[in-house]
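We call the chains A, B, C, D, E and F, going by the order they appear; numbering starts again at 1 in every chain.
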Amino acid sequence: MTFHEINTGDTAWVLISAALVLLMTPALAFFYGGMVRSKSVLNMMMMSFVTIGIVGVLWVTYGFSMAFGNSIGGVLGNPAQFFGLANVLGAEVGTVPAVVFVGFQAAFAIIAVALISGAVDARMKFSAWCVFVVAWASLVYFPAAHWVFAFDGAVAERGGFIANTIQAFDFAGGTAIHINAGAAALALAIVLGPRVGFGKVPMRPHNLTLVMLGAGLLWFGWFGFNAGSALGANELAGLAWVNTLAAPAAAMLAWLVTERVRDGHATSLGAASGVVAGLVAITPAAAVVTPLGAIAIGVLAGVGCSMALSLKYRFGYDDSLDVVGVHLVGGLIGTLAIGLFADASLTGSLDTAGLLAGGGLTQLGRQALGAGVVLIYSFLVTWLIAQALKRTMGLRVPMAAEAHGIDLGEHAETGYDLSKAQYSSYNVGKTLWLPNDTSKDENTEVSA
Amino acid sequence: MKLITAVLREDAVDDVQIALARQGISGMTVTEVTGYAHQRGHTEVYRGEEFTISFITKIRLDILAKDADADTIVQTICTAGRSGSIGDGKVWIQPVEDVVRIRTGEHGESAI
Amino acid sequence: MKLITAVLREDAVDDVQIALARQGISGMTVTEVTGYAHQRGHTEVYRGEEFTISFITKIRLDILAKDADADTIVQTICTAGRSGSIGDGKVWIQPVEDVVRIRTGEHGESAI
Amino acid sequence: MKLITAVLREDAVDDVQIALARQGISGMTVTEVTGYAHQRGHTEVYRGEEFTISFITKIRLDILAKDADADTIVQTICTAGRSGSIGDGKVWIQPVEDVVRIRTGEHGESAI
Amino acid sequence: MTFHEINTGDTAWVLISAALVLLMTPALAFFYGGMVRSKSVLNMMMMSFVTIGIVGVLWVTYGFSMAFGNSIGGVLGNPAQFFGLANVLGAEVGTVPAVVFVGFQAAFAIIAVALISGAVDARMKFSAWCVFVVAWASLVYFPAAHWVFAFDGAVAERGGFIANTIQAFDFAGGTAIHINAGAAALALAIVLGPRVGFGKVPMRPHNLTLVMLGAGLLWFGWFGFNAGSALGANELAGLAWVNTLAAPAAAMLAWLVTERVRDGHATSLGAASGVVAGLVAITPAAAVVTPLGAIAIGVLAGVGCSMALSLKYRFGYDDSLDVVGVHLVGGLIGTLAIGLFADASLTGSLDTAGLLAGGGLTQLGRQALGAGVVLIYSFLVTWLIAQALKRTMGLRVPMAAEAHGIDLGEHAETGYDLSKAQYSSYNVGKTLWLPNDTSKDENTEVSA
Amino acid sequence: MTFHEINTGDTAWVLISAALVLLMTPALAFFYGGMVRSKSVLNMMMMSFVTIGIVGVLWVTYGFSMAFGNSIGGVLGNPAQFFGLANVLGAEVGTVPAVVFVGFQAAFAIIAVALISGAVDARMKFSAWCVFVVAWASLVYFPAAHWVFAFDGAVAERGGFIANTIQAFDFAGGTAIHINAGAAALALAIVLGPRVGFGKVPMRPHNLTLVMLGAGLLWFGWFGFNAGSALGANELAGLAWVNTLAAPAAAMLAWLVTERVRDGHATSLGAASGVVAGLVAITPAAAVVTPLGAIAIGVLAGVGCSMALSLKYRFGYDDSLDVVGVHLVGGLIGTLAIGLFADASLTGSLDTAGLLAGGGLTQLGRQALGAGVVLIYSFLVTWLIAQALKRTMGLRVPMAAEAHGIDLGEHAETGYDLSKAQYSSYNVGKTLWLPNDTSKDENTEVSA
């Protein structure tokens, strides 16, 4: 690591940004949870929560080291270098303590994995999801984060090949996180197969207030995601902040207009989805476009993603909550849009500027290459992981459990009990309700 | 004794209840139901997919009545619950063999 | 006239409704209920405490029918609503003395 | 056969169910309803405005019974469901022409 | 712009404060959304969300420039100066980059407009609301923000007349935001007319947990609103922070006591409302009163606002969620209370101190003048905008849509689907349920 | 107070941390509120909210002074010294303005009291709770905070005896807050007696999405709690941040595994509870253990707390939401674990290191002593306060109100009204529904 003076203002900003990014995973749980039917809300939220648990522990043990340890050929960080966060205390990344950077990046790793859960609503065994999280984080995310986020000399001497060799811009993770998770969601949804009744019975969101809550908290957290990626409290962070407001604002409006024209109504699910699409698209670009460029990217994302949603019905894969339509497509739009709109005064040279901002095709090519590598790698490796799990432990819950509700089947819980009259005939613990009459256990199946 | 059951528009309940109360009929049991018949349902749109929801929220009233009151009650419900457009619902009458008031154990018409 | 009441599995409603609609029976009133009989309930666990919940979600249909249609309706419901395992539910028939359509005031079979 | 319908206080259901189960009656269908009669409702206050809510949460049980069991069942419900204060509710008995068990197609008393 | 050294600590604080203030608008959506009936919750939340979209885009294009561009006669900022945020990068406001200040103030503009939506529950056309937002932000908020927030020399050379000529104190926006939005809400509610059944049928809150969530997040965000307005991480910010705790705490208690005495019960809606009333009232005063002064202001706001609510029934306007009672009255209490409690050691001179804190009537007069100007301007211009919309595109949804629920009518959605049994007879897409029997489309109205 | 230079970065971090900690009390309201039955959700949330109100006001008047005023014998701060926050402006604590520290610690005082409310679900008079809050904060929390948090020379010259004489580590409040509140919850639950039907009728959580929301926001806020306790934006804060991620992550996994093994299912309530248990346990230790140590503490907490829950059924006290099982047990685990895992490089000397980290038994002894003192004091004084209230104003609502629902009985509100059909027969205000027929007021009890 290079050694700078620690700056408390920069450190304060990265510390709070890390907390903001961590909040995004519970926020995702609400965003996703509200969109499913009430009988699978808990399972959907649990997939996000348990991802915080699993990836949180992995990151501290070997994940950070795999992503930011000294590069083995630009492909993988040395997992031993920072194992258990050894050698982290006392070091710096830029002007902030290295341990603060560890926390900030931990939150990125967590949300990247959690995003995938939107594709597997209501049918994936919880144990299979847990194993998938371990495998995917280790085999897909940690490497991809290394390629994109590990700049030579920032944490370790040598970093990953997309950042340093291809030199694609990915300010806060459009490629490493959104394209990556989106491609994985597609592969997993295909291997898993659709929900019983997909495309036939209605599966409408059970609680849109929860969706709006998720969207609101995601936006809030995303300021840490994007503006925090400046790794300091400076003008760059400020620009990223304003772009993180402007792009989703424009994307929301674009999505709503698309809906109004196409379906006749502007919906609240559309507003929430538009916000997320705009956030995804501005993520890679937040520091290299002007606010007007951010608005342009937002409009592209709002229109593009809202049109992409119908793909799943056309191709018949059940990407239940549109991880592909929003994160893969949105991530691609943002990553490629850099090649169009990147501003030379922000990127530092005309060579790296976008096509429509006076630059040439060079940067657009770099962007496409970076995105393509991650997309293909992620899709393939995820497909292999999913197949391996399917053939060993199995991926899906029994059909009856799916019909009755995965919350009950996998977690033995129900999301809501709003009945005013709590009549029951329950057993609490092992105490039966008819103690004097043990021959009549009303919970036993009796022949007719 | 009779059991009079009415399936009403959700916004007609208050009017029907007031009308019945004016006639001294103040006992009833109310259930939220959904109905399905000639009235068209509505359409919802989520992420571009349309869902046509045919079941319509209705309110069901069950009223135990003395034989002598039954016709008036039906009449009152029909008058107070009518909007004139499709979906106003039905009222029907069924025989009841006995009624008991749980609190007192009274039987028959005095239990109503 | 008859009132036909059916208590069905929650996932049988769509099939029953379609089957009835095919026979031209398109009026019904639907209630969410819970039932309790031979079918076993399920168990939930909260902070290590088990709760056995015996009441099972069911759907109740009430269908007013002309005398002539009653048997066919019962038959159709039984066929479309049968899964063959415990918990499929019951259908029963009761007499109805009169039916009125609130919108028009029509009485009797024409009100159905 | 008879249909016995009871409207009970929400907190009486467990006792009634246990009492019935002790007598070997273990089939019933339960609906959450609200009732309105002599029992007073309650008052809520939101930003200084009072709302008097007259409808009171009740539980409705529907029990299909063999003719011979009907009186005992009514008796049991009355005993187990009585608190003695206003609002305990009603039980009533209606004739049923036929009952079918959907799973097996059995008719009549054996279907109960 | 004047040029100072950028301070990273100050910048970090304003960056996170900006995110906190932005969170307040979703928080408002929950606060308001929980208070309406379940059939209009989505529309209520959508009015807040779309305001973020619209004002977010306007601010970045011409809004910031209208508010903070060089003043045209103390009345309006030059809209060309910072159009599209030109000339912002590279400049500073105080010790923070100007672009950070742009983001911070963007969030203020957004919430100011969103506050008004509480007055129009369940009956305003969504398209009319969108047009209203554009008009009101441009004609009322941007000018008022200029008058109150644009100090000479802070961003541009010349600022607005209330800040610089009248010299009323408005630390974080009691006048520019709360009085302004409250007066607008009154005008709009009058022109719009009451909900069907207003004052006759009960319209009780459908989800008080959502209201409490909104109140909790609003309070959280308000620390950015008030303490962030110090534009630095310093003692002034700390004082504003503590006052932003003390005043709403006291207001909550005062409101609950008022309720207990008057209605017999202390309610949770009362607690939430008291918090917001206290927050509103301390907003203009947060940096010029001591914590004990803040408690006094809180008590005044708690008692005053809770008593003011019944006005709407007396005068018959349907300000559905009491924007007038809470924001206009609370804003007035806070703005005038400065004239009573402002502490000379904090304002800098006895001349500007409050009446009860050893000062004279001077400052009270300035406060009243500033508040009065904004109140009258806002009421009149809002009334004109509302009339113009009413006569052109129309303001209200059809009566039938209002009765059936505006969520369905305007957004084709329902907030909650908690039914355990998802029986349906839905059509998904265009596929009918009876493919063999196309003559029987069960969704078509059939003659009896 | 000692006088240092103010550092804006440190100040920014403590300012935002204070807001994060304040958010934890609303978050607690949701966490607790979702776990109770729907008929007591508002009362549960109100207990948290009103605690913010009451303790907020107390803190600003005499609470801060009792906790951080110059020590009277190591036992109590001088309540006059900073009464009404006199002498606070112009002073510093470390490198931040003293008034910022006041705000930060205010949020601690609030949540400590609010935690207790989990023990008294659905049966405690709201007025009795309010009086209890005043008494408990004044007689138990302010002294205990003095003992543990007031270091000699930090705010006043002389501080409390646990920090300075016993020298137990309690970085962010495992002893002062969690053991303290847990012991108080036990005493209060015993005096109050169990809910009607406790252990017999089922009392399952009515809204697990609310529980998850609470857990998510608690975790978010806890970064301020722990990392903010470094009182600066530095490496120590970074370490505490990472530990605040690692420990609850591990605790969640440990809790879920315990459940899966014991009950057959991993539940979402278990995930949420595990997170909180891990957060509690790492609180005292966040700055003195390595991330691997944090994982160990998390595992201990996850297993230990999930096993401790059944105690209440064995001993028959109705600690409704397991304040004892989670906060008392979790706080003890964390406080004692310091004696096992504290790292000499972090504590500064081998003498203060933990048993398993090369140290001796010394620190373990100090930890046990500190914890024991607070536990016993808190239990006894709480028991006395509760008895006093019971014998004077009474602690419990009438049995009928408890049966019908405490929300209605105490607050005249219901949490949710999700009925689509809002039929009513309500009276609004005093207007009756039958204006022409005043002899028939359908809300009057009529003789049969």
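Throughout what follows, a residue touches a chain if its C-beta (ideal position, glycine included) is under 8 Å from a C-beta of that chain, and two chains touch if they have at least 3 such contacts.
Remember, it's a predicted structure, so these values are computed and weren't measured experimentally.
Chains that touch both chain A and chain F are the following: B, C, D, E.
Copies chain C and chain D of the same chain sequence form an interface built mainly from non-equivalent positions, shared numbers / all numbers used being under half.
In terms of residue-numbered contacts, A-D and B-F present the same interface, as over half of their contact pairs agree; the other options in B-F, B-E or A-C do not.
Set side by side, B-E and B-F show the greater C-beta contact count at B-E.
Rounded to whole angstrom units, the spacing between the C-alpha centres of chain D and chain E is 50. Averaged C-alpha coordinates put the centre of chain B at 18 Å from the centre of chain D.
Among all residues of chain B, those that touch two or more other chains are 11, 14, 17, 26, 30-31, 36, 38, 44-46, 49-51, 53, 55, 58, 86, 94-95, 101.
Residue positions 7-10, 12-13, 16, 201-202, 204-205, 207, 213, 233, 263-265, 267, 269, 313, 412-414, 416, 418-420, 422-426, 428-429, 442, 446, 448 of chain F each touch two or more of the other chains. The touch graph of these protein chains is complete, with an edge between every pair of chains. Those residues of chain C that touch chain D in the shared complex are 2, 6-8, 31, 33-38, 55, 58, 60, 74, 77-78, 81-95.
Residues of chain A that touch chain C in their complex: 201, 403-404, 408, 412-414, 423-430, 442-448. Considering their complex, residues 202, 204-205, 259, 262-265, 267, 269-270, 273, 306, 309-310, 313, 322 of chain F touch chain C. Considering their complex, residues 1, 3, 17, 26-31, 64, 94-103, 105, 111-112 of chain B touch chain D. Interface residues of chain F, counted against chain E in their complex, comprise 6-13, 15-16, 18-19, 22-23, 26-27, 29-30, 33, 41-42, 45-46, 49-50, 52-57, 60-61, 84-85, 89-90, 96-100, 102-103, 106, 126, 207, 210, 213, 233, 410-420, 422, 424, 426, 428-429, 431.
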